[in-house]
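Next come two complexes built around chain A: one with chain B, the other with chain C.
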Partner chain A sequence: MTDRRETWLFLLPGLALLVVGFIFPIARMLVLSVQGPDGHTVDQFARFFQDTFYPSILWRTVYLSALITAICAAIGFPLAYIMARSGPRVRLWLVIMVILPLMTSVVVRTFGWMVLLSRSGLIASTLRDFGLVGRSFQLMHTETAIVLGMVQVLLPFMVLSLLGVIIRLDPRLEEAARTMGCSFLQTMRRVVLPLAAPGLLAGSILVFTLSASSFVTPALLGGPRIEVLAGSIYKNVTQTLDWNFAAAQAVILFAGIALLLIPYLRLGRRAHG
Partner chain B sequence: MVRAVPGWLRIAAFVFVLLAAIFMLAPLVVVMGVSVSESQFVAFPPQGFTFRWYENALGSPAYLGAFWLSLNLAVLVTVSASLLGGAAAIGLSRGRRSGGAVETFFLSPLVLPSIIFAIGLLMLWSAVFGATSFYALWLAHTVVAIPYVIRTTLAVLAERDPFLEEAARTMGATRLKRLWFVTLPQCRPGLLAGAFFAFNISFDEAVLSLFLRNPNLTTLPVQIYGQLEFSPDPTVAAVSTLMILITVALMLILERMLGLTRFASG
Partner chain C sequence: MSDLTLTNITKSFGKVEVLRGIDLTIRSGEFVSLLGASGCGKTTLLRIVAGLEGVSTGKVEIAGADVTDLPPEKRDIAMMFQSYALLPHMSVAENVRFPLRMRRVGTREEQDAKVKAALETVQLTHLADRAPRQLSGGQQQRVALARAIVSNPKVLLLDEPLSNLDARLREEMQVELIEIHRRIGLTTLFVTHDQDEALSLSDRVVLMNAGAIEQEAPPREIYDAPATAYASSFLGAANLVPARIAGGLATLADGQTLPIASGAPDGNATLALRQENVDFLSEGGLAAKVITRVYLGSRHRYILDLAGQTISVLAPASVMLEPGSEARIGIAPDRIRILPG
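Let's look at the complex of A and B:
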């Protein structure tokens, strides 16, 4: 047996499982989305775009995901920088603070937000006590609730992608910038931020795709009236049992994500090779 | 070194980290608080202290059944993902360069949101086998867990001494002996970490389990989701707290055995 053949022997079982359990299902979804009672059809896609209902769901999905990504980047960058430049003990605690929520089920975390955001919950009652909001103030079942919950769910992905890059930066670069007369904030803007850009880009793409495709948190915090694309897919699969239409919506989501990912993957490969 | 960071910025950084910690951990603390509150409505801050809701949860056949299903599933997924992912990582580490097409393919379930392949798997399974079964969940969870095992194992293999295997070969060790005495011990920390992640992912996974669920196939996260959709109560908070505690235990073991920071910034 040659070494080459042995290498393939190691790879083959995993490859076979991925083809059967990952590639075939995606292919099946693509096929079902264009299947009609008599042959191929694009009726399901036409139905999606024929009135304003589904396009408005798509639009809400896109702008909520963009907002969530921007907030995650704004919080994640300073947090990752502080983590990278602190001592090992502090860093361990900060890593725990980020990873413990990440490793906890998304259902459980969303439950926590449901309690916090409810009408009698901590946030609403505190705001009412200070007289900042009226009696009818409501956070649950608003887009604000979705954004709050999703940022907490997805922030770890942003922080970890940034941390991986910032921790490898040579701190002497920052010292050099400071000796040359840059202020701390100028150093951040002119030296650290450009060098951390790959991590920021990777984290942003990850957060955007995950946010565009999640339905557990939006469904529980946004309620039935504020629908997002992934929630609409889930509803069509489990409640209305309209699988062809669900497949078409999944293809639209898939296409949007592929549009984001493919240029990024090609960029990454060029940087590697 | 130059005067590193201005004082006001240090204070600002401290306050910022504190707020971030509250933001990240508050949802978990709140769930734990609700689970020991005497009030029969979901309320925070808790009123009084009781373990009644835990007794309730542990006496509920629905939660117990879901727990056993999730535990069985997570253990089997850990085994299958570690075997297949570990083998794939060894194979990949022998390839000429990292970041090749095969590696990208193996890691693709990490990048592609699981909802897309969840819907496809449900449709494919229904067309071929009919109703979803335990095996469908096992397959689905193994697919999403494999990339984690591959990543942690590859990270460890990248730092190993490649000449060790070469030396074993020159000394006349057979393929099997080299694998057992050289490569596998080199993989061990990465494989272990990957196994913990695989267990955690399967035990907490909600998206695939929601798509593939049927009345006889309800995992613990799906059971909790159903209760939250219907009406949250302190019993579901007790179950959720137990899930948080399992995660904390897994993290402690991982930190003790291997160190968390090592795999956190990979």
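Let's look at the complex of A and C:
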């Protein structure tokens, strides 16, 4: 009886935050997206799909997020494994190193990438010196730049999700696999990777949703011509002040992410058995 | 042909020398147990044979081939871990099949047959499709055993495979191990710190002490004729009593004498007296003071003070002596083992 009440009491702050900070704005957004000058309308959604412009932005958002997630997983898994298997001191330093990008402001980070990626930047000028690229070559304001910048910021989420799982795996399982004929890489593939699946799943969901909904880094590194959906929403809210259309785009992004998450969550349920 | 040869193996972790020159040869099909106190380096030696740990110096040969620098997967061994190390994301049958799959042994049908045979050996056929976490400890252990024997390795390594079991299950598993070994005859190196287990299971017992081999001999021999004081105290709780030998008599520190078998050289020596070989007499023999009596069900254990040494003696439950009283004890001369020093 009291247990019940106490549970509710514990839930209250989080629940309140969720309602005020999430449910309410989402509901408001849903309403806005179907609001027309005279009653309810789906005009905003029709406008989104009326030519290829906005769908292509949506598509770019999805595939860039997928690419970023895949790269984070590919870099994050070995990194998390090494962290899990090194001593506590080394691990601490590695964790600090991995989350360092999160501690710097997006402006500083972007500036760093500009130094590297712009037309006069390190990479472009080096490639030019070797005669590999033309004069106008630059990586700034390309999708590559967005991917690089986003991977840098989102890698910690992947690494820490994986680390939490891998660190709990018994190293003797790997040793047992070795005595049963697995090489090191086979051990990774047959033992560590399947057992780290829950962490990989959690990390992927985090990275994917965060990258699909972020707009500052893509806007700064991708430039005005390479838009992602979140950036387009931002533009509609702050520049064209077309709130209804912005809301419709937000609903589409929200629904898109939710749709992609469903099979993932299925997988997750299986991985947890 | 010897199946496993270790030559002058040493191993240090940093400055700590854990193994100090191990030489050991195990014949094909032999069952050898590695016995020793906790921390004496048994597991380390086993891991070196498996290739999970490198050597500092020395050589490991399996079936005549030098494998010292080969990684574990390239050695034809199987190892059963103390913690079983069953792969939690695979069923029992998949676990047992795993070494066959990774070593590409035969076709799928042949693998099926081998998995089935191995599971029959450990009597777990009915649980083939279970996940490891749905099994009891003893069942998991048997799966681990099936997985170790399924690929018919040149050398089977068992690291205290029975240590997590209750007494009854443990005895059952010991019988099963003997049976399996009799049937398949794998060259086996078995680590334990339980001397009864070592004596009852193996063809040969290797007693380790602080990173070196103290004595290696067949069970009967090592039990009846331990070569050193350490060996006799480790095997079967022998009591060590210093004495001076002269002319077929041993003189204890307090001047009492007892007859010994002929042949022992004169001089200072240590008498090793097994607790089950000491008899209580009504008169004669040696005088000893009763310190404690411990009731063991079928027997009593007496802790006695004999010439200033504390000794432990097993007696029938009918022998009732009060602490503080004097006991008369005797030992048959041929049951006294005389160690130099």
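Assume the second predicted complex is superposed on the first by the 241 of 273 C-alpha atoms of A that agree within 3 Å, B and C clash if a C-alpha of one lies under 4 Å from a C-alpha of the other, contacts with A are read in each partner's own complex, and residues count from 1 in each chain.
Keep this in mind: contacts are C-beta pairs under 8 Å (C-beta built on N, C-alpha and C of every residue); 3 or more make two chains touch, one makes a residue touch a chain.
Nothing here was measured: the structure is a model prediction, and the numbers come from that model.
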item	value
Touched partner set for A:E6, first chain B, second chain C, both or neither	first
Which of chain B and chain C A:L195 touches, first, second, both or neither	second
Contacts of A:V106 with chain B and chain C, given as first, second, both or neither	first
Chain A residues touched - chain C or chain B, whichever exceeds	B
Partner chain in contact with A:M97 - chain B first, chain C second, else both or neither	first
Chain B versus chain C as contact partner of A:D170, first or second or both or neither	second
First, second, both or neither for A:T179, with chain B first and chain C second	both
Set of chain A residues, in rising order, touched by both chain B and chain C	175, 178-179, 184, 273
Chain A residues within the chain B interface of the complex	1, 3, 6-11, 13-15, 17-18, 20-22, 24-29, 32, 75, 78-79, 82, 88, 91-92, 94-101, 103-116, 118, 120-122, 152, 155-156, 160, 163-164, 167, 175, 178-179, 184, 206, 209-210, 212-216, 219-220, 230, 233-234, 237-238, 243, 246-247, 250, 253-254, 257, 261, 265, 268-269, 272-273
Residues of chain B defined as touching chain A within the complex	1-2, 4-6, 9, 13, 16-17, 20-21, 23-31, 34, 42-45, 83-85, 87-88, 90-92, 94-95, 99, 102, 104-106, 108-109, 111-117, 119-124, 127, 139-140, 142-143, 146, 150, 175, 200, 203-207, 210-211, 221, 224-225, 228-229, 232, 236-237, 240, 243-244, 247-248, 250-251, 255, 260-261, 264-266
Of all residues in chain C, those that touch chain A in their complex	50-52, 71-73, 77-79, 81, 83, 85, 87-89, 98-99, 102-103, 131, 147, 151, 157
Chain C-touching residues of chain A, taken from the complex the two chains share	170, 172-173, 175-184, 186, 190-191, 194-195, 273
